[in-house]
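Here's the structure we're looking at; comments come further down.
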Amino acid sequence: MDKLTVTREHRPDDIAVTIGPSRIGNGEFLLIAGPCAVETPEQMAGIVAMLAGNPAGMLRGGAFKPRTSPYAFQGLGRDGLVLLREAADRLGIPVLTEVTDTTHLELVLEFADAIQIGSRNMSAYELLKAVGRQSKPVVLKRGMAATVREFLYAAEYIVAGGNEQIILCERGIRSFDPTYRNVVDLNTVAWLKAHCPFPVVVDPSHGSGRVDLVTPLSRAAIAAGADGLMVEVHPNPGCARSDGDQSLDPAAYRDWHRACLDLARFMGRTC
Amino acid sequence: MDKLTVTREHRPDDIAVTIGPSRIGNGEFLLIAGPCAVETPEQMAGIVAMLAGNPAGMLRGGAFKPRTSPYAFQGLGRDGLVLLREAADRLGIPVLTEVTDTTHLELVLEFADAIQIGSRNMSAYELLKAVGRQSKPVVLKRGMAATVREFLYAAEYIVAGGNEQIILCERGIRSFDPTYRNVVDLNTVAWLKAHCPFPVVVDPSHGSGRVDLVTPLSRAAIAAGADGLMVEVHPNPGCARSDGDQSLDPAAYRDWHRACLDLARFMGRTC
Amino acid sequence: MDKLTVTREHRPDDIAVTIGPSRIGNGEFLLIAGPCAVETPEQMAGIVAMLAGNPAGMLRGGAFKPRTSPYAFQGLGRDGLVLLREAADRLGIPVLTEVTDTTHLELVLEFADAIQIGSRNMSAYELLKAVGRQSKPVVLKRGMAATVREFLYAAEYIVAGGNEQIILCERGIRSFDPTYRNVVDLNTVAWLKAHCPFPVVVDPSHGSGRVDLVTPLSRAAIAAGADGLMVEVHPNPGCARSDGDQSLDPAAYRDWHRACLDLARFMGRTC
Amino acid sequence: MDKLTVTREHRPDDIAVTIGPSRIGNGEFLLIAGPCAVETPEQMAGIVAMLAGNPAGMLRGGAFKPRTSPYAFQGLGRDGLVLLREAADRLGIPVLTEVTDTTHLELVLEFADAIQIGSRNMSAYELLKAVGRQSKPVVLKRGMAATVREFLYAAEYIVAGGNEQIILCERGIRSFDPTYRNVVDLNTVAWLKAHCPFPVVVDPSHGSGRVDLVTPLSRAAIAAGADGLMVEVHPNPGCARSDGDQSLDPAAYRDWHRACLDLARFMGRTC
């Protein structure tokens, strides 16, 4: 097997990642929230209102959406990035958004403070090389059937390009049970915290596909050692153009926010 | 699909289960600890010493062991039950032990306060019927690739026989990743707490197969809503005849005990 | 790891299994057909008519049915065994039926020529020991998430008891895709034929859960090296009390029969 | 769910795909062979010698290799394409090679007659759109944990761009069993042949990761209805820079070639 430098054997200490005014890792806890896809100015105004009351450390939202069907809403592209940037600026927090192809990277970097590599692209190695050659932080989501070893090597691609500002994201693995969209794998969170220096966030929205499971899974992730959470929120999930079933509405987001921060503080995290 | 009565639709309120002086469910939290297999009087004396200092609410231990190989240690049978009973009596706590075949049930019931149905037998329906016809509490472990629906129907077999004293146990599902023996599925714990009235315990020892992951996974289980935990402990795991890699030694057990009870209390559980 | 004697390292040559007038292995090919469950004398008369025209080498049928729900049809028990025996005697072929609990074994042995251990019981080790202590051939079905190594050790349990008349049955593994009930694993069939001396049969009925896939999967199994096939048939699948979706009706059975035997002969099998 | 036009409901008849002088589908059978990666002129001379004696209808080989580790051999890039083209021209057959990023597509199209989308990129939707906008045939490999529905929608992305020259490739799914690299899923081959008009090929090299299973799995694929096979070959597998364990050497290739064509002819395929 080839060398692997993204483990504590080579980098014993926690690596904290800084995104503008926000920080994650080495004891600092980060909430990332936002819609699945940027849809309209009205939707983004609703998001701003939600996050103004219960602050997150980073705004997430998709402008280039990887959708199973070519006929499903593919995102607003550049217009979506503009709306996302404006919303984040109003909140004074950084922007995280996904890049799904190397040819979009330059455009996305104009607007984003951190780049998301989605689950479907964890093994898109040319894309990993490309985000490794630039310096903004990268949220690397685990592939839906990727082993821990494959996940680490994907991070190694980014590090090999020169970028060590990596946040690993566990977002659920594919299982045999149709009850859930995916199953959150906290074995991997606990393993990563023990063996890998990068901050780890958990995405319970994709990790379950069900809004009723988001809070208990979020709290479980914190107790397993996660450094942050990423959730999908929407001012009106019933009207969302994607992922409505797993998006928190304003009331649920408020309850989730308090439940998570209380536990993170109990676990000794700074937040 | 056939009717299913083990859901909150039919039984809205939490069902608490009483095993002698111990209780689980409806807010009461239970730790279950003990060796994988009962091996020797000396080993059991070591277990008693461990649990005397940091009490568990129930002693687990195997006398009839389901082992992958016919040449592996199969358990001490009746002699193991005797040793287990003596140890529990010294501690003043109830005994939980596995029954692997209907023909053993009568013998096991002489010694045990609660009966464990192991993962390999979750669909041994004659055995489920048999434990449903007796009145002692049953810890029903989920099959390693059982869906939630199949798990619920296994409980339904026991209820159909007349026994509603059921504790459900999530013990890890089989995944594609060889890093772990199994992956703890807390989606299912969260789902069960929302939709099913029975207490739920998590077994992080089998759920990971690695002692270094037992504490973070235990805490995650509590935060996800579990009513209890079941762990394997051994006075000297390096000499254990089975499951040494996943058994807590005395020092690790002590740390685990405190970490879990602290969190359970924070989560509002009685313990 | 413990010793494993059921491999070609220890038993280099093919082991043929004889069940009354029928034989499988070492070049001899066997078709096993019958209903999921024995239901009525009329149904069994229909089965006899189907098999009279297109002979199978063994009649399968369930009298003790392992069903997910306790309220689903559980089989006719002794009455089912009687009907099964009569049907087989009219056809002059041996009977294969499942035993789901050690306490049923004696009764089943009165009527059956070969014993089936079902998928849910592949790791019911006391049952494996019990069928190992008697001398009738055993059809051992692979657990739905059992590794090859676990499958071999289950066979080892039977051999350790003294019975080497074992037929291994691949019946599909559990996967992430809800399109099928299971996925037939022919990697395992090919691996077993190379490394293990026992005859191997494939059950494409459970292996797909869809009657439209039974013939191509049957032919694939033969081409992969299987020594036989086991299929579910019913004179009127729409009225079957279980597994109707995967049972061949008389016309489909006739076509399947010819398609399979033609290919088996092309592959050099005696049938 | 969004509309899906790549099914027989919309396109009832088999679609044959033509790649230069070769054809697949609608009864015509195609063998695709070549090395995992193009390595050296000497290696390619060895490949030419192998295929000269036992012809394949298309030469495969990788110039841009998606490798788990960034430090593993990444392919020769343009130089590899030149070597591949020369070898194919000497054999008079078309070239199939993988494109792993949209920015490579133009270069690859200069040299290749057909474009492969690898398993890791089945959901790289921008890449699918890009190959949909050009007219050369596309071999679309199934993702290692993709459902049939997701696989069909990936094909739909290509069709939506205007290209209907698609060959679907089943290359094994990820399972819980470490015995194999993957498990060939012939349920899906049988399902696709019944419900989808595109030709289907199977890759037993990646589908097992073991050279000893390639021939039985190839024959199984043919019997399940596959229209072609894709295998990895190497003049000296022990020295291969990647996938040596699953590459056929000259003698094994010769035997495989005859075994497969014999069976394909028996199954009524033109080859």
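Going by the order they are written in, the chains are A, B, C and D; count residues from 1 in each one.
We take it that contacts are C-beta pairs under 8 Å (C-beta built on N, C-alpha and C of every residue); 3 or more make two chains touch, one makes a residue touch a chain.
Everything numeric in this text was worked out from a predicted model, so none of it was measured.
> If you tally contacting C-beta pairs, which comes out ahead, A-C or A-D? Let me know.
Between the two chain pairs, A-D has more contacting C-beta pairs.
> Give the label of the chain whose average Cα location is farthest from that of chain C.
Result for the farthest chain: A.
> At what distance in angstrom does the C-alpha mean of chain D lie from that of chain C?
Each chain's C-alpha centroid was found; their separation is 34 Å.
> Taking each chain's centre as the mean of its CA atoms, how far is chain A from chain D in angstrom?
It comes to 34 Å between the two C-alpha centres.
> Averaged over CA atoms, how far is the centre of chain A from the centre of chain C? Could you give it in whole Å?
Going by mean C-alpha positions, chain A sits 48 Å from chain C.
> Quick one: which residues in chain D touch 2 or more of the other chains?
Chain D, residues with two or more chain partners: 145, 149, 174-176, 178.
> Using the touch definition from the top, list the residues of chain C that touch chain D in their complex.
145, 147-149, 172-173, 175-180, 183-191, 193-194, 207-208, 212-213, 216-217, 219-225, 263, 266
> Residues of chain B touching chain C in their complex?
Within the complex, chain B contacts chain C at residues 1-4, 66-72, 100-104, 120-121, 123-129, 144-145, 149-150, 153, 156-157, 160, 174.
> Which bits of chain B are touching chain D when the two form their complex?
145, 174-176, 178
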